[in-house]
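Inspection log for the structure reproduced underneath, given as structure tokens.
Letters A, B, C and D name the chains as they come in the text, with residue numbers starting at 1 for each one.
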Amino acid sequence: MLGDEPPSAGRLEAFSDGVIAIILTIMVLELKTPASANYEALAHEWPIFISYIVSFFYIAVYWINHHHLFHRVKHVDLPILWANVALLFFLSLIPFFTEWVESTRLSPFPTAVYAAAMMVAGTAFFVLDRVIARQAISEEEWVLLRRAAQRKNLISIGIYAVAIPVAFYRAPLSLALIFLVALLYAVPSLWVERWADKLENEEAHRAPHEELHEPYTGPADR
Amino acid sequence: MLGDEPPSAGRLEAFSDGVIAIILTIMVLELKTPASANYEALAHEWPIFISYIVSFFYIAVYWINHHHLFHRVKHVDLPILWANVALLFFLSLIPFFTEWVESTRLSPFPTAVYAAAMMVAGTAFFVLDRVIARQAISEEEWVLLRRAAQRKNLISIGIYAVAIPVAFYRAPLSLALIFLVALLYAVPSLWVERWADKLENEEAHRAPHEELHEPYTGPADR
Amino acid sequence: MLGDEPPSAGRLEAFSDGVIAIILTIMVLELKTPASANYEALAHEWPIFISYIVSFFYIAVYWINHHHLFHRVKHVDLPILWANVALLFFLSLIPFFTEWVESTRLSPFPTAVYAAAMMVAGTAFFVLDRVIARQAISEEEWVLLRRAAQRKNLISIGIYAVAIPVAFYRAPLSLALIFLVALLYAVPSLWVERWADKLENEEAHRAPHEELHEPYTGPADR
Amino acid sequence: MLGDEPPSAGRLEAFSDGVIAIILTIMVLELKTPASANYEALAHEWPIFISYIVSFFYIAVYWINHHHLFHRVKHVDLPILWANVALLFFLSLIPFFTEWVESTRLSPFPTAVYAAAMMVAGTAFFVLDRVIARQAISEEEWVLLRRAAQRKNLISIGIYAVAIPVAFYRAPLSLALIFLVALLYAVPSLWVERWADKLENEEAHRAPHEELHEPYTGPADR
């Protein structure tokens, strides 16, 4: 009633782009420079570089996937607006947890919290995906595409969940798992994709009448 | 005479968007990471997360509402230009006062100053709204819409004013009041909206000849 | 020869806008929060707020005037490109000198350096203005407009030059002079404008054949 | 298969612009203000200003050249997308290594690492250039232009490589070499350009059937 229609999809995307670009870049400010001017001091900072690389690629991957998501947005409504703010909020915490991991030199608990933060951000992305999906539910093509994408999302969240307890066992392995997720998104031709396709095909044969396949039964309504 | 016509509305809005995106994101740089690598150290930082959440949503809400405001701007004149700079100035202080609240662990005086800073920013927004309203004063539809919006503005400023003394009594309650305002903007269907509508309707019956209703007496002049 | 044509005016302006928005906003990160949670600690930080206000409005004024300048750019050539980079470079140092003034509580020497930095940035702006002016030299209207603008520029640089020695006498007075320049740009109807107009008219009568008036002697060549 | 088509060239360029603008500007946050309020304290910080100037112009030059590169991009594919992320990643480390050089007052090892970081970023740029070149390989004009540009690239990487051992001998000389590269890009009419042209002409006469000249033998295929 207030005429407070949300911003356009283009403007929300540009704003999100700006926030993500800043998150990506300010992380370098958290890096403490080595105390002395020799190789040993630099080599001693290896945990910095590991977590910086993981966080940088993690956020770069979010930028790219955020873009894919917003391609489908027809108009921004309140749920999309606030699911997007929630995603930006959780992403904005990544530099904080990255710095904690760095300053504690990959200690188990901070690394577990770091993995948990990434799981929460992944879940926020999943929620945003679902909220946006409501607008495109009748478009056959998108349903299939997003179905695979959402499965990939869920697999990522699962890997993050596994990375949490693993941090207590071996922190670098936990970071490697998180990096693996970024890789799966960065290089779509890796195995998980094919595996997801295969699973999807099997499922399509097994359950032809499932809810998500409804669009198949008739022409798209727009 | 100098040909120094102000920038276009689109460019001023893009610049403001940039500034707000940066304010929103750099706050995370103010967060001090916990000193040790365990759960107690993280839990000890709860005041950080409370004030970070409040500030983040507060600024996100400003971004969205700033956009609504600029929808109505026909051309940027000097009062709009400088009322906007003033708003950005007060918003730019939010990370500073947020950090003070965090580093003093929600002490009464910093929390009161924080609430006062938010009241000043709210007042700057109200002034910007009024300055922009001059350009649209004859458009019947906008008058009604902005009337409700300005009442909402005033209610917000009132809640901030209440949050100032409350900080001396219970700082978290003060932050809760500020968060409440953000919620009222984030979820327009909350009670305050209906209540404002009801008030407005009553008032419309009581005072049909009031200044703001003038546009009703004839067709809009553009 | 290398095909390395400079970026378009629109893109250079957008990039400059981004850099200026970041400079404007990150200054708040330099502000040290008061050490204790009471009024005295906050009041003790008054030098922070004075220099922050001055720097904020100074940079906001540059943003607005940078926009005016780029309105006239027909195509970006190498001199414009690098005069612009030089301006951004000197503006980027403002947060550094602002912080020095703040941390030394308005000591004479840092304040003088701060005023000198603003004079250098003002000179870089003047150079950029002259470099851009070459492209518009034959347009009668712009010549008059920019003539007044450049006189204003020179007056500003003069005020900054005065502010340098004044800093050794009274630092707050030096900051007040710098703030005065920002005010003169922010409120074009202040006396200096009328005075500049009057001077210009007198001069136009005295020296009708001066170089800058050449466009008057014939129609604009485009 | 997933419909995860990469972002458009315009959007990728805008995002890269944002990241580069932030990198350029946040470096000032790394500058430590002098400890006392006098000339000696400021003069003592000369290493700060030297490395700041070098890094600022280095990144400004990257912004300009990144733009030239993206002019040729027809559509963003995965190799371009990730070569670009890699370039942004290495550029994002420049503020970190700049700060290390500053805080160690141009010590040999940090300066050598700084030069090495710039060589790696230069190599990432070269890779991005090659990856983009695949899309334009059949366009006669671009082949010639990019041939000279890539030779310039390789010369830059060579100068960076020389700057690494030089840092152990004389750190300021190492920075001077890096600054020289920025200058060569900033002022295209410097000798290296002509020298490269001359080399290219000679080579064109010597080796008329070389691979890169293939487009000459027939009309462009698009």
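Methods note: contacts are C-beta pairs under 8 Å (C-beta built on N, C-alpha and C of every residue); 3 or more make two chains touch, one makes a residue touch a chain.
Just so you know, these numbers come straight off a predicted model, no measurement behind them.
Under half of the residue numbers at the interface between copies chain A and chain B are found on both sides, making the touching surfaces mostly different.
Taking each chain's centre as the mean of its C-alpha atoms, chain A lies 42 Å from chain C. Our note on geometry: chain B versus chain C, Cα centroid distance of 30 Å, whole angstroms.
Shared interface positions of chain A, defined as residues touching 2 or more other chains, are 18, 22, 26, 29. Contact between chains, using the touch rule, shows up for A-B, A-D, B-C, C-D. For chain A in complex with chain B, the touching residues are 1-7, 11, 14-15, 18-19, 22-23, 26, 29-30, 78, 81-82, 85, 88-89, 92-93, 95-96, 99-100, 103-104, 107-110, 113. Residues 17-18, 21-22, 24-29, 31, 33-34, 36-39, 42, 53, 56-57, 60, 63-65, 67-68, 141-142, 145, 148-149, 152, 186-188, 193, 197 of chain C are the ones that touch chain B when the two sit in their complex.
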